[in-house]
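Structures follow.
There are two complexes below, and they share subunit A, which is joined by subunit B in the first and by subunit C in the second.
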Partner chain A sequence: MDTQSYLPVQPGVGMQENFLSLDDILLSHERLPIRTECAFPRLGYLEKATDAQDIPQGLYERKRRVLSVELPKVYREGWRTVFNADPNVVDLHKMGPYYYGLGSQMLHFDSPENPEIAQTLLQTFIGRFRRNMDSSQNAYNEDTSALVERLDCLEKFLFTSGQSGLNGFQSWEKGRASQLTASSLVLNYRKRKMADVPP
Partner chain B sequence: MDPSEVEFLAEKETVKIIPNFSLDKIYLIGGDLGPFNPGLPVDVPVWLALNLKQRQKCRIVPPAWMDVEKLEEMRELERKENAFTPAPSPYYMELTKLLLNYASDNIPKADEIRTLVKDLWDTRIAKLRLSADKFISQLEAHAKLDNLTLMEINTIRAFLLDSLNCMYKLRSNLLPGSSKGQFTDY
Partner chain C sequence: DPLTLHSSAKAEGRSDLIASIKLRHCCLLRNQRCVTAYLYDRLLRIRALRWEYGSVLPANVRFHMCAEEVQWFSQYKKSLASFMRSLGGGEGLDITQDMKPPKSLYIEVRCLKDHGEFEIDDGTVILLKKNSQHFLPRWKCEQLIRQGVLEHVMS
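On to the complex of A and B.
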């Protein structure tokens, strides 16, 4: 009854990313500070050793052995303790809208802190789960922008699926499920209505 | 699954009616529907009962559980227990909505019944959320919940499955042997 004609490609599982997934493409454009380990002759932009340059993370993938990357500060020790203390107060959208996705991709880069990063990602998700569930399942017919603005993209996706369950149930209970309503696509065409046509 | 589909499944439940017409036994694919005699109660599926009621050919008898005292007891029991108590009927929400919309003149104290059923629903949904939260926060792999009705499962299904998917992705990060990232072929 509710099939879509367009099925978006889901982001990849864990450390993999799906090449065609829009979410993964966007997150791989987050910039990372790096350090080059050796000289690149004739490449004007990148110079040896101590320069910290930003390049998009997707580009980095292929140059693994010549560069070393520094973790963005959100995944470092300081922020990790904040997340472990109380994940609910953090504005994850400001910390990079793809906190979870980018965090999973960072695990490619063989940093000694990898297990802690992975653990922090998981614990943050679990800590925020309760708040996200309650807000998505209880906010009916109100302006949810205040609730949604502090959520990461993954959590926004969960929020919309919770809202769709809630809206479906509420519209059924009001009896709107058995009434014919014009589709929102058709309303956007702004065609003339029968009532407006002069007889 | 749509709530309308759950309602469709609920309409298969039987309810007692008192017809005001007479008809011999009818043989349908789903089963036989007994002879109809005016004034004598007969069990029919809800879809037929609503249809006859709309054509003013019968009077619907509320089911045994649709009674103010019984529902109040169930509500108190539900509030006390931590686990789910057996629901009044596996389709109590749908039957309440349908019967109270179309046959409220045959059901005494319809408004109170509506409020009581809504309270019962709210308590059960709150318990469901609590147990989902516990399930996720303790990273359990397996959970069993008894006495849930299809409508309750339906409202939480999309959200819970999506969050479990996300959790699976994050948990696979912790596995030491996870692959270093290959581009899958499409």
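On to the complex of A and C.
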């Protein structure tokens, strides 16, 4: 297995966010429908009261008393019923690629439906986990795009992790564990057509 | 500074502005978070290059680094070097070598691109020409393999 030297900041667990995590920044960029509860003088781009606006979720966090948030469709009762019925049929990538991450962050907004939302998030993950793990541990040397295209980002990360373990084990079995390899970081920089290293 | 703005807004009876101040401040904090995370991620990648490439970065990578990053890399190198020197009871140990347990002293390598002349310890000079194969001491080749110049050939 290739030892990784580049260790990016991981997304936070559950309702936690990591300030420096690029994944968490991207997920909090998802837009939420909100309603403004008061006027914002001198900020021309916001209208008063009943206008429904979309604002990136990360901006909302500190504005609780002044804005109210509506739950995105995916976390509302209609979709929750679908998820509870059979979590495996849903395309979680299409339903906002950060389904679990954003869902966990939505719990901060103290909606009365929080217990149901949390329950659905958890049960969906559990329902899909078995199939994801199986496919990540058994797809060796093949095109996995069909397996991966309906996964949310957290599931994709787990899938990649599983694949890396599988590949490492296979390469060990073939006696290739002691083979020295080029650094993947270096290969990536090469692929982006940078000039060759002067000797 | 939003705190002073906030209190002077209250003082002057312009508390209607507070919501705007808060929202604008929120946007600024968001931008700050994005910039900080971006710069931090760059540092993580630069640090990884020390381990995966070596202590001298190629000119094209250095070209894309700002002066502070170059300085950071040089200080990181120094910290790593003094740490390595202190290992093994003061004798020093290069922990960037032998990242995979070595199986033999010499290995077969193939040259992936022209790299010019290469001197090994007994004074012999090898010409690293593309597609040539050589039987060389493992520790001499390790860095060149990582850099993608040589390829480790397994029999």
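Observations, loosely collected:
FYI, the second predicted complex is superposed on the first by the 174 of 199 C-alpha atoms of A that agree within 3 Å, B and C clash if a C-alpha of one lies under 4 Å from a C-alpha of the other, contacts with A are read in each partner's own complex, and residues count from 1 in each chain.
Note that in this section a residue touches a chain if its C-beta (ideal position, glycine included) is under 8 Å from a C-beta of that chain, and two chains touch if they have at least 3 such contacts.
Model, not experiment: these values are computed from the prediction.
Of the two partner chains, subunit B is the only one touched by A:L121; subunit C is not.
In the superposition on chain A, A:G162 makes contact with subunit B only, not with subunit C.
By the touch criterion defined above, A:R76 reaches neither subunit B nor subunit C. In the superposed pair of complexes, A:Q179 makes contact with subunit C only, with no contact to subunit B. Look at A:R190: by the touch rule set out above, it reaches subunit C but stays clear of subunit B. Residue overlap on subunit A between the subunit B contacts of one complex and the subunit C contacts of the other covers 19-20, 61, 175, 177-178.
Of all the residues in subunit A, the ones that touch subunit B in their complex are 1-2, 11-20, 61, 100, 104-105, 107-108, 115, 118-119, 121-122, 125-126, 129-130, 133-134, 136-137, 154, 157-158, 161-162, 164-166, 168-169, 171-173, 175, 177-178.
Residue ranges on subunit A touching subunit C, taken from their complex, read 3-9, 19-22, 25, 38-43, 46, 56, 58-59, 61-63, 66, 175-187, 189-190, 194-199. Remark: subunit C residues 16-17, 19-20, 22-24, 26-27, 29-30, 33-34, 36-37, 40-41, 44-45, 47-53, 58-61, 99-103, 107, 113-116, 138, 141-142, 145-149, 151-152, 154 touch subunit A in the complex. Residues 1-5, 7, 97, 101, 129, 132-133, 136-137, 139, 151, 154-159, 162-163, 166-175, 178-184, 186 of subunit B are the ones that touch subunit A when the two sit in their complex.
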